[in-house]
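Report on the structure given below.
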Amino acid sequence: MTAYLQVTGLNKRFGGLQALRDCSFTVGQGRITCLVGPNGAGKTTIFNAITGFLVPDTGHVEFQGRSLDGQSPQQIVHHGIARTFQNLRLFADLTARDNVLAGMQDHVGEGPLGAIFRPFHTARALAAKQDAAMAVLAHVGLQDRASALVRNLSYGEQKLLCIARILATGAELLLLDEPTSGLSGAALTEVMALLRRLQAEGKTLLVVEHNTRVVQQIADDVLFLHHGHLLAHGSPAEIIADPKLAEIYFGGTL
Amino acid sequence: MLRISTIALALALAVPASAQTIKLGAVLPLTGPAAVIGMQEQRGIQFAVDEVNAKGGVAGHKIEMLFEDNQAKPDQSVLLFNKLVDLQKVPAVFTGYSGPSLAMAPLAGRKKTLLVNGGAQADALDKASPYLINTIPVLAGELEVLANYLVADAGKKTAAILFENNAAGIAGRDDFLASFEKAGGKVLAQEPVPFGDTNYRPALLKLAATSPDVVFVVITSGTPQLADQVRQIDAKFTVVGSTFFSDPELIANPNAEGFTHTQVLINAPEGMAAAFKAKYGTEFDFFPKQYYNAATVVMTCVEKLLKDGKPVTGENLLAALKEIKTFKGLTTTVFNTNTAATQINMNRINGKQDNLLKVIAPK
Amino acid sequence: MDFLTTYIVLAEIYVLLGLSTNLLVGIVGIFSVSQAAVFGVGAYLTAFLLMHTALPFPVAVLLAAAFCVGLNILVTLPSLRVSGDYFVVTSFGIQLLATAVFTNWTGGTGGANGLPGVPAPLILGHEFTEPTEFIALTTIGMALGCLCFWLMMRAPFGALLRAIREDELAVAALGKSVLGAKVSAAALAGAFAGSAGGLYATFLSFVDPSSFDLDASIFLLTMVVVGGARTLAGSVLGPFVLLALPQILALIDIPTSIAAAARQLIYGLLLIVFMLFRPQGLLGEKL
Amino acid sequence: MLWLNLLINGLVWGCALGMVAVSFSLIFATTRFFHVAHAAVYGLGGYVSWSALKHGLPEWAALLVGIVVCGLAGAAIQKLLYERLDRRGATHLVILIASLGLSAVMQNGIAAIYTSNVLQYGLPWGNRTTIIGGALLTNTQMLTVVFGILSYLGAMWFAHRTVLGKRMRAVASNPFLAEITRLQPRQVHIAVMAIGSALVCIPGVLVPLDLGLQPFGGVPILLTATIAVIAGGVGSISGAFVLALVIAVLQNLSLLVMPGEWSIGITFGIFVIFMLFRPRGLFTG
């Protein structure tokens, strides 16, 4: 059986820094996999390599048996993989709804010719897309904030909007870079509930997560990364029980 | 209300003409790199007009000058020309620089407004419009004189050309090239310098390397810097040029010794030059003199129309100009065509003086 | 009232240029200071075609606009490779290169002398010479330009462009082609500038390099800034205000010897004041 | 020996251009936006010194007055304009436009006071010539070379040996880090603007001493210098100076093979192509 997402032997060097070192792992379909490790372990670099923002020096990425090597970020989204960014990268001067709209993969009216020469067709398509966008916003619980500019949303709302925006792309595999960082209380609970709901709907999630409590609660599998290398993988309980890993994680460098 | 204004209008028209001010327009570059010359042109016109007004005006009418700044751009020129003609009803507009003049020329024809150029010498201006009057000869005539003098009188057989890369410079290059070769000489090389750039060294070095007898220079400003740089490369050639060399700063420059040039004759009486300098703090140079002369030509036509009891319109001004034909301003200006013929002198700069070599009367 | 109609004709031509500049600079966020170069190519090409071929006016303008589409894509390409502040300098370079070509390619552009005698537009046997007639052409041109701009901005294309201005990386992560959208915007901006050039050349019947130099590019940028970036209303208002400004400033009584320089100075001061206190311009959004 | 003369001429001009490039490099590397008004500061220096000279000051004092005025002007521009804009979160485009406006204000202010005529310093010693390496050089040109080299060395010393220079380079390499480590980038920006502006006064006086003063002359020189700054690698003072020399020499030598009207166009053409192939792009952050 081929894995849903198969990462094999990734290496990436930035100047003197070996960001990824022979990094290999798999992600199972329909599961929530958490990527953990100390700062600078290469977690975001892995995301960049999978989503085409970074070309690894060597190594392969396969998704549902198809190679993603050498593909652009745009093509990779079309394969059904979408990501969020640690620093959100929302469009701050656009409304929440327009941010979600930007993620929709229906391209009618996204070229100048269609926009100018088929105005009515474009307007109808736009209306349909707006309905769809509202549905996505409702899904993450932001339907009341649809017309608000992103800069006026709370941090928690912005975090939810990041997820809504990639849901709009229709991707099956979601790569979430620290979706809960900076959140606490109700906002944290809300995001965690959303992640479980997404899993229940059949999405596969690969999540960079620092909060061990969150990892324990949501993860099916945990990948432990150190110095760009996969040091261990297993269930949350197994990883947390390993004192060596805890030492690396909390005690700094080994 | 309507009736009152109608009456007012009738009254205004009935007032004897002597009480009316006559408005004339000018569209000149007063800002930007071209303003160096545009401002001089402006002062020349204003000086002539102030002088006439101080004496009571033209046949009792004061002249009012309306200056507009086109920055030497054609679109602004067209807009401002229309502004002067539409809003101020001016019958004549002064212009300078060939680009703006060429842009306004078709309009002048359609609007029957006299367009008076006193400074630009591009050949295309000669026949651009029946309403475009050039009070200065086009460069071709002047350079023909220069080329004939150089080859026949001075025995110079080879030349190189240094020209300013704008309309005036290119016209000078083309005209000199044609005239000099027609006179039997040979042009060995040519080099442009960007307009406004006073670093002539690389171009001079390149031209000097071809060892010409003369280097013909056509630049509108920066001639003192040119003299310094020619001197510096220890040039073996004679520098020759056109009217642009009659710049007092150049003549006063010891490095300009031996520079030979044609001059569209224009002389100001001593007192006038001093009065000009006292008023504006700058010399009564070539361009102010030319525009003083152009203003005199136009005001002479205005005077004739007023004395004949005709309305001062562009059409009538043109007719008056053709009728008077010969004007005695700062120089004798003859209009056989739309372009004036004036006396041309051959001069050489020696001992900080511009000395006359030869006089060529207008054809 | 030819003065008024001339003013409107020129302002309408500049509205097309304002749309072009606004699209690139305001909406996509490409720091272009070379739009006058593209405008110039449109003007020269139209003039050349009308003077040397028997092509009718609309065809000549369309050809010029089509050529400018290609050209503008080409001159915008460096912005895909180079970040903002470096691109400004590149763009200055493109502008100076264009000025050098306009001034020195005597065979094609007439060099510094320019090209006089560009024929007036002849459509269905009618010659558009007077500003009162020409205004019909520029009004149609401007209306079409504004319509295109409005349609684009309300379509998803407009949202995509705005998103790109804010964050190209995020747009790429959403599966959208940043390159495609930027190239499309550049193409449209080129078409606007090219057709404006065609109208300009035939209206003035004369073209020379001084209309398309660095100052002209900066003037276009100023129009967008004063009118207001990123909105249709701003693009339309800017040219009308800026072309009227010298006439308004002329009402201020200043000694003639320094009047013109003083007016230019006030104009510079206005730019600074707008940037300090109203960067969104009169009717725009914050730059 | 045309080529030798052109080469020497190019080197002399390169020293003048190099001074502008070095001064702009200090500013651009630190503040990172295109300070177009630097061209107007360059113009200001020449005119202030001219006035000082006409008021009877000796040459060295006139130059010094110019340097001080330019330095103060630079600091004032940063403090009163750019810093305010920056505090309001202005984008670089906004700052660029304000800088263009400032340029217009300064250049036209100069034109209103001094007229647009080409003014001369009228110092006869400037034109006296000496034969050096087979070429005749004027005293002004030799001064340009001397000041050019001194300015370069001075800027290198400043950037690498002084505390302020080190702070400047730290701010240039990482403004965010500089903010939190109390390097006080705002003060550094003001200081750098003052120093860069003071420095540009030297070519601002020497070039017009040779070629005459014009109010609108600075922009082409600044743009050529900017090419040197970018092509030489932003932040590298040596790169800027050397590239300025290279550009000036190539522009001069190009006359051997083609007419001079194309040299500016080709300089900028090559630069545009260079920028296409050596990008500082999207994903290098």
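Which chain is which? They are A, B, C and D, in the order written, and residues in each are numbered from 1.
Everything below uses one rule, namely that contacts are C-beta pairs under 8 Å (C-beta built on N, C-alpha and C of every residue); 3 or more make two chains touch, one makes a residue touch a chain.
Bear in mind the structure is a predicted one, so any value in this text is a computation, not a measurement.
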item: Chain pair showing more contacts of the two, B-D and C-D; value: C-D
item: From chain B, the most remote chain by mean C-alpha position; value: A
item: Most centrally placed chain, judged by C-alpha centres; value: C
item: CA centroid of chain B to CA centroid of chain D, Å; value: 37
item: Euclidean distance of C-alpha centroids - chain C vs chain D, Å; value: 30
item: Distance between chain centroids, defined by C-alpha means - chain A, chain D (Å); value: 48
item: Between chain A and chain B, centroid-to-centroid distance (C-alpha), Å; value: 73
item: Residues of chain D whose C-beta touches two or more other chains; value: 108, 111, 115-116, 220, 261, 264, 283
item: Of all residues in chain A, the ones touching two or more other chains; value: 53
item: Two or more partner chains touched - positions in chain C; value: 103-104, 169, 257, 261, 264
item: All touching chain pairs, where touch follows the definition stated at the start; value: A-C, B-C, B-D, C-D
item: Chain D-facing residues of chain B, complex; value: 31-33, 35-36, 39, 165, 190-194, 196-199, 201-203, 205-206, 209, 221-222, 224-225, 228, 231-234, 249, 255, 282
item: Footprint of chain D on chain C - complex, ascending; value: 25, 29, 31, 77-78, 80-90, 92-94, 96-97, 99-101, 103-104, 168-169, 214, 218, 221-222, 225, 257-258, 261-262, 264-265, 267-272, 275-276, 279, 287
item: For the chain D and chain B complex, residues of the former touching the latter; value: 2, 5-6, 9-10, 13, 108, 111, 115-118, 120, 127, 129, 136-138, 210-212, 214, 216-217, 220, 251-252, 255-256, 259-261, 264
item: Residue ranges of chain C touching chain A (in the complex, touch as defined); value: 148, 151-152, 154-160, 162-163, 166-167, 169-177, 180-181, 184-185, 187-188, 285
item: Of chain A, residues touching chain C in the complex; value: 51, 53, 72-74, 76-78, 82-83, 85, 89-94, 98, 101-105, 107-112, 114-116, 119, 122-123, 125-126, 129, 165-166, 168-169
